[in-house]
Structure formats: structure tokens, C-alpha cells
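Chain lettering (A, B, C and D) follows the sequence in which the chains are written, and residue indices restart at 1 in each chain.
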Amino acid sequence: MIDKFVRSMAEAMDGIRDGAVVMIPGFAEVGAPNALIDGLIEQGAKDLTVVINATGKPRVPGVKVTGFARLVELGRVRKVITSFVRAGSVCGEAVKAGTVVAEVIPQGTLAERIRAAGAGIPAFYTPTGADTLVAEGKEIREYRGRRCVLEEAIHADVALVEAWMADRWGNLVFRGAGRNFNPLVAMAAELTIVQTHHVCDLGQIPAEEVMTPGIFVDRVLHMPVGDPKLPV
Amino acid sequence: MIDKFVRSMAEAMDGIRDGAVVMIPGFAEVGAPNALIDGLIEQGAKDLTVVINATGKPRVPGVKVTGFARLVELGRVRKVITSFVRAGSVCGEAVKAGTVVAEVIPQGTLAERIRAAGAGIPAFYTPTGADTLVAEGKEIREYRGRRCVLEEAIHADVALVEAWMADRWGNLVFRGAGRNFNPLVAMAAELTIVQTHHVCDLGQIPAEEVMTPGIFVDRVLHMPVGDPKLPV
Amino acid sequence: MSATEQDWAPLSRDGMAARAAQDIPEGWYVNLGIGVPTLIGNHIPPEREVILHSENGVLGMGPAPEKHRENPWLINASSQRITLRVGASLVHHADSFAIVRGGHLDLCVLGGFQVAENGDLANWSHSPKEVARQIGGAMDLAVGAKRVWVVMEHVTKDGKPRILRRCSYPLTASACVTRVYTNMAVLDVTPAGFKVVEIIPGMSFSELQARSEAELIR
Amino acid sequence: MSATEQDWAPLSRDGMAARAAQDIPEGWYVNLGIGVPTLIGNHIPPEREVILHSENGVLGMGPAPEKHRENPWLINASSQRITLRVGASLVHHADSFAIVRGGHLDLCVLGGFQVAENGDLANWSHSPKEVARQIGGAMDLAVGAKRVWVVMEHVTKDGKPRILRRCSYPLTASACVTRVYTNMAVLDVTPAGFKVVEIIPGMSFSELQARSEAELIR
């Protein structure tokens, strides 16, 4: 019997190596796999490349640094591929100090490069970013009269995913705007680890309503956490 | 008030021009927009380029030629982009006779090229087809040690779509395996025309369960037809 | 009235948003960028069906939720809690940006630092040397939408023009802007340059021109 | 027994399918091609959870439906009516081929005309001059799946070998096949060439070699 559920965070995080490329979805805390990020902090892998849409808000005095920013603060991140690095954020400071390398790219290009990895597309052209700083060093070709940039797929070793519902085959459903990057990173990683609010019996999710088929999922941890909070 | 419903087939077909590129989804009749194909036959546009996964089974004596094959038989199709041309089919005969040009490509490449048009990707690399006849004349580049073929997006003037449910904004739900190419062609065409089995009030389809958002849909015709038949 | 006294008042942020909202017809699919563009949503009458898109996968945003009736799972690209309109749909990020990049949005309205007379837009960075880079979805929107409008103050806080012959800040996209709504005027980007559509009451063409680097067309 | 008398019987189509089915472990995601490969599904015991994919967007096919209980909306890539297994999911064609091309299938099993010792596969056309071309999903599957097995008769109807040094028919994909199940043997494609895994009872290695163009490795 296929059973992708794991019983502990340690089991969920097992085997993540130093130097891994880790994808972290979520958009302003909605759909962010915060429990798994904490698990990764605990697990200890370092020298990570993290693929994440936004690298965090500016530090607020008195507010504890958590999540991805905490991973950066602990010196565990070597590189970040992202669409947002803010001045005054933990990551922004680390980039300024030269301890973290940032590849900052358009959000749509980020999403498409992740999907491309999952779909077996090694590279694609896009007009987004042509004639801008993000095209520097990239190949340009004209299609239908528009200059387009050649962008490569972003593959990951590990994806951390937050689902609303999951079954033992790893079929997933996301809630509201919590879908965002979750289905994409699940496709793009060698090892996809899911935290889920709810556990379903097999078949409880109708075939038409599965948002991420279990083929993209390796491990599922039942983690009934609260609703997402707005970032401070 | 936005209302994408049209009241007649003539209204649905209005403005399709000679020389148009028309996408026809469906997989062995499941999800095939047969009523709209009949409408197109009636409407009269000719010199068409048709993008369709399979161009039909061999002729069976005594069985009436319908659908796409009928369009070919009437001499209305100039070119077909497809993954299947069978010997002895109406299309196969037309290709042999030189009256129809066929571009036969891998099914996954076909799906991805259609999606690419809808997603604003003018071209992409894929290992599918490298070292085969379908790579002839195409650019090859190596990624991760594999030879990859450069494939371009396929845009359409018109997409014909079969939905199970639709609302007045054009939000669509497909049934079973009837989804197949339908959501893709809806994205890739300038004009997307839908036939739907059922009409829903706005809001009846939960936001999470919309399979094709109305932004990809221009016209919807209520066409409660029977279940798909297996091809002869 | 003496020549030095001004007989006009620039529009407020809400005033600019209201002005832009007037020009958005029913049935358009529209993405409203962060800042003043987001305010436009408040000025579209609810009976006018304009379908608002947000980069994080929401199509059909409704008005802001009432206090204590917020759904924490529904936010927009500005991380504000939102409601869904009846008829809304939710998709993942690649599908959401397929909407943007595939040319399906009728309009996106963005904030701007600078707009050039050829339609170049700069709205994300003041210098290529800046370490902090906040690109987000702006480059995708600027390239992908059928029309790109910019809403911004006509001049900077210290009075420097933003309506330029050529942008000095790093570009968001080239030749993308079709119209600009400022606190002083509405300008169309045409092949010949900026064409003035309207000026706020009391301001003359030459007063507007004096506050613009690019040459304006009447 | 005289030297001309054969002491062995080649496997039937079902025999080949049953043999291949033995080697598919629980938990694998598998695409079964048209023809004999499709029959493999009948030989996987239902309690062994193998998840079958079909190109038209089905993941988790179950056994064939009972007569008069068919769902006309559910078919496989061979246009046969199917059932869904509890736990199945349905996706569109681009997502279905993302599964294929993105390397997510543990295995696809294809029919073949010819397999070469370097793993080249020819299974869709007898000549580049053929007008009728039926490519379907074969090229995608051959390139995309983690493992590609081929099930085919060891020789053609007129006795010509299909296990070759080099394919003479147009390729489906190069260097993709990892294992071949014929009606006479199971062969692994290795860097050194075809390695014989097993031969049907009664057939000798030299008898198998005589029916193969490529040199076989014991």
C-alpha cells in the first residue's frame, strides 16, 4: 500500500543535504510551509540555495525573526533566487554584506522557470525583462517583432509545500490564494515534502478537484496549524 | 453586465475568416466540440489551418464522414498541425493527394506549443523529437547533456471548446477526460468559442474549481448534446 | 491674480485613482499595481463589472472585507486581505502569469518613477547599483498587458520632472506605456510623443510643459 | 529430438504482458503504450498499487468497466473506455505531458518495431517517406520516462530480427530503451550492448542469438 505520510518532522526532513537547492512557496504567508521551514532550521542543512518569491520585510525592532529570514540570519543560505529583496530585511542586509548572493528576477519568469523544470522544458524565451537589467548576460532573440530573453529552468533538490488537504497517495488541494507557487515547486523538485492541514481518505478528493496529483509528492506530514497571519 | 452567451450558432461563428488558424480539442470524441465543428462547416470559412491532436480514423464504408474529416472532405482545410495522420483516413488521403499540408509533431510538443502561445512564451527547448524526423530543420541545443529541439508557440485565430458547465463570465468546468486540450486552446486563440452542456449561474462554480477562467473565453453557446460516442 | 500665484490644485492620490477609474469600461480584465493604482478599485462602481486580477492567482477581486469578516486565505499582491466577487476564480502562479504574459489582460495600471516619450517605464529601482531589488510582477505586467497605464505624481517631491525624453532609472520595460495619469494631467503616449488629453482645471498648457522634460503635444 | 525440431514455444501477447507485469513494483507511476503494453494492466494484481497514467490526462486508471457500466467521459490513450481507481486525478493535456516530459513517470512501456543495442527505439514509422505519420505521445514518453521498456515480438512476421545493431526505421528517440521484453527473452540495454536477463524455457542462448542481429551478452 502506497503511504506517503511520515510520522515526524525528522522523518520529513531526512536526507536534505548541505548545498541543496530548496524551493519555498507562499505569498505573504498565505500558502507558506512555515512548519517545514522551522523543521529545516532544526534539521541543520546549510549552504543552501533558496528559491522563494519574496525574501522578507524590513526588520521590525522587537519582532522575532522567523521563517526564511531566520534561515538567512543563521548563515545557512548561500544564494537566493527571488523576485523581491527589500532594503533593511535580514536577506537584504546579508546581500549587502556579501554573505548571500541574490539573483533577482521577474515574478512571472520565476514562476515559469519553476514550471519549466517540472515540465521538462530546459529553457524558453520570454519578452519579460528584455531591455532591462535582468537581461544582462542573457541571450536575446526577436520573435514577432519583440525582443525576448532566453531563460533556463530552475530545478530543485527539495520543495517544501503547504497543502490544505492531502491523501496517502499525496494528492493535494490548496485553499484560496494559498495555491500560488505550491503546485509549481512540487513539480520541480527531486524531493517534495508537504505539510497539510487536513488528512483525507483516498478518494475523498474527487479526481477533477485534485490540484497537485500525488505523482509530484514524496512525503506528507500532517500539521494542523492555524490560519495564515498577515506579515507585520 | 458581462454576458458571453450567444443565442445562435450563427452568432457563435460570426467573423471566422478564410485563412484562419482554428484549434479543435478533444481526444477520441471526448471533449470534442462537435456541434461547433458542424457550425464551422455551415459557416463556410475556407483555406483553414487546423490544429488538432488526431485527424481521424480510416474511412469505413457506409459510415458518414463527419466533424473535422468532413471539413477536409469539403476542401476547406489547407494545413493541419497534428500528432496523428492515419493512412486511409480522409485527411491521410488529402495529405497523400497533396491538397492538405500536414505538420505532424509529438503530442506533448503539440500541447506545450499551444500552452506556450497562451502563456506568452514564443519558443522553448524540449528533448522530445531530438534525433528524429520531427527535428529536421529545427535548431538543436544541448542542455544537461541532452540534445533539445527549439519549438515555437502555435497561436490561433479561433479555438472551438467543449465544456461541461459554463457561466456568463465564461468560467468553464470540463468533465472526466473531456478536459484534454480544451483549457489549452482556450488560452491560445484570439477568439475562443465554447459549446457547453450546462449553464450555471455566476458563482455556482466555486472559485477553486474553475478549470478555465472566463478571461480566456469570448463566446458561449448552450448546446446540451449527448454523451461522447466511441469512434467507429 | 499675480503670475506667481497658482490657480490650480494638483489631484490627491484618490483624485488620480478616481480619474483613471472613469476610463475603465465594463468587461475589462484589469490588474491594479501596488500603491495609487490599487486605490482605483475603490472608484469603480460595483455595478460596473470590471474583473480585477491579482498576481497571486486571483481573478475577480471584490471590495475590501469588513472588519472581522476577513478570510485570511484571500489576499492580493499588496498582501491586503480581499474578498472574492461572485464569479471569481483561483489559479496557481504559473497560470496567473500566463494570464499576464499571454496578453490576456485588457489593462494593467502601474505606479511609476519615470515615463519616457517613447513609452519606456521605470518604476522599480533608482539605480542599477542598488542591492535591494524589488521587481515583483511589474516587468511581466508592463510587457504582457494589452494596455499599460501609469499613475504617478507629475513631478518628484523636489520638483524634478518624471515625464521625460528618456528614463534615467533602470527600465521596467521599454515602449510599454500607453497612457499616464498624473496629479496634473492625462497624457497619451503616441508615436509622436506625449499628447495631452486633459489638464487639471486652472492649469495652462505651458504650466504643464514647464513641469515636464519631454515636449508635450497639444 | 532432432536439431531442426524446436523444443520451445514463444510467449503469446498475453504471456509477454504477464512477464513484464511481474517486474513492476508497487508505488510506480507507469504509462502503458498502445497494443501489448496496454495488456500489462490486466496482469498487475489489484492489491499491488501501481498508478497507471494515460496521455489524455488520467492518472490512476482502474480495470476495464463492466458492460453497461461504462462512463463515456473516461477513456484511455487507446480510446478504450476505462474506470478510475480510488485516488485517481484528472488533468489537462499540458499538465499530463508535464508528467511525461518532466521525468515524473517511473516507467513507460512501449511497443516497438526495432530496438538497437545503444537503446535507440523505432516504433512509429517504417519509412521517412510515409505520408501517414502517427507519432502520438511515443516520442514524449520515450524521452521523458525514467525507464523505458519495450514489449515486442523478437522477430518480424517474416523472421527478420528486431534486436539490431542500429535501427533502420525512423527513430522514436535515441538511447532511451532500458529493457526489452520479447516473446523469446528479456534483454537489458547496457553500455556494452544487449545483456540477456532470461530466455524462454527450452531455448538456448545461441538460438536466441541466431534470431538477433545485435550481439547478445550472456
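The rule is short, and it goes like this: a contact is a pair of C-beta atoms (placed from the backbone, for glycine too) under 8 Å apart; a residue touches a chain by one contact, two chains touch by 3 or more.
Keep in mind it's a predicted model, so treat the numbers as computed, not measured.
Enquirer: By the contact definition above, name the pair with the higher C-beta contact count: B-D or A-D.
Expert: B-D
Enquirer: Can you name the chain that lies farthest from chain C, using the mean of each chain's Cα atoms as its centre?
Expert: D
Enquirer: Suppose each chain is reduced to the average of its Cα coordinates; what separation in Å results between chain B and chain D?
Expert: Averaging C-alpha atoms per chain gives centres 29 Å apart.
Enquirer: Could you tell me the distance, in whole angstrom, between the mean C-alpha positions of chain B and chain C?
Expert: Here the centre of chain C sits 36 Å away from the centre of chain B.
Enquirer: As a quick test, compute the distance in whole Å between the mean CA positions of chain C and chain D.
Expert: 56
Enquirer: Going by the touch rule set out above, which residues of chain C reach two or more other chains?
Expert: Within chain C, the residues that touch at least two other chains are 90-91, 94, 97, 100-101, 144.
Enquirer: Residues of chain B that touch two or more other chains: which are they?
Expert: 112, 115, 119-121, 126-128, 174-176, 208, 211
Enquirer: Spell out all pairs of chains that touch, sorted by label.
Expert: Every pair of chains meeting the touch criterion: A-B, A-C, A-D, B-C, B-D.
Enquirer: Could you pull out which chain A residues touch chain C in their complex?
Expert: Answer in residue numbers: 27-28, 30, 53-54, 83-89, 92, 95-96, 102, 104-109, 111-112, 114-115, 126-134, 174-184, 211, 227-231.
Enquirer: Spell out the part of chain C that touches chain A in their complex, as residue ranges.
Expert: Residue positions touching the partner: 54-58, 71-75, 77, 79, 81, 90-94, 96-97, 100-101, 125, 128, 130-140, 143-144, 170-174.
Enquirer: Touching chain B in the complex: which residues of chain C?
Expert: Going through chain C, the ones touching chain B are 26-27, 29, 49, 51, 53, 59-60, 84, 86-91, 94, 97-105, 144.
Enquirer: Give every residue of chain B touching chain A within the complex, in rising order.
Expert: 112, 116, 119-128, 141, 143-144, 146, 148, 152, 173-176, 208-209, 211
Enquirer: Could you please specify the touching residues of chain B with respect to chain C in the complex?
Expert: These residues of chain B touch chain C: 1-2, 115, 117-121, 167-169, 171, 187, 202-203, 205, 207-208, 210, 213-216.
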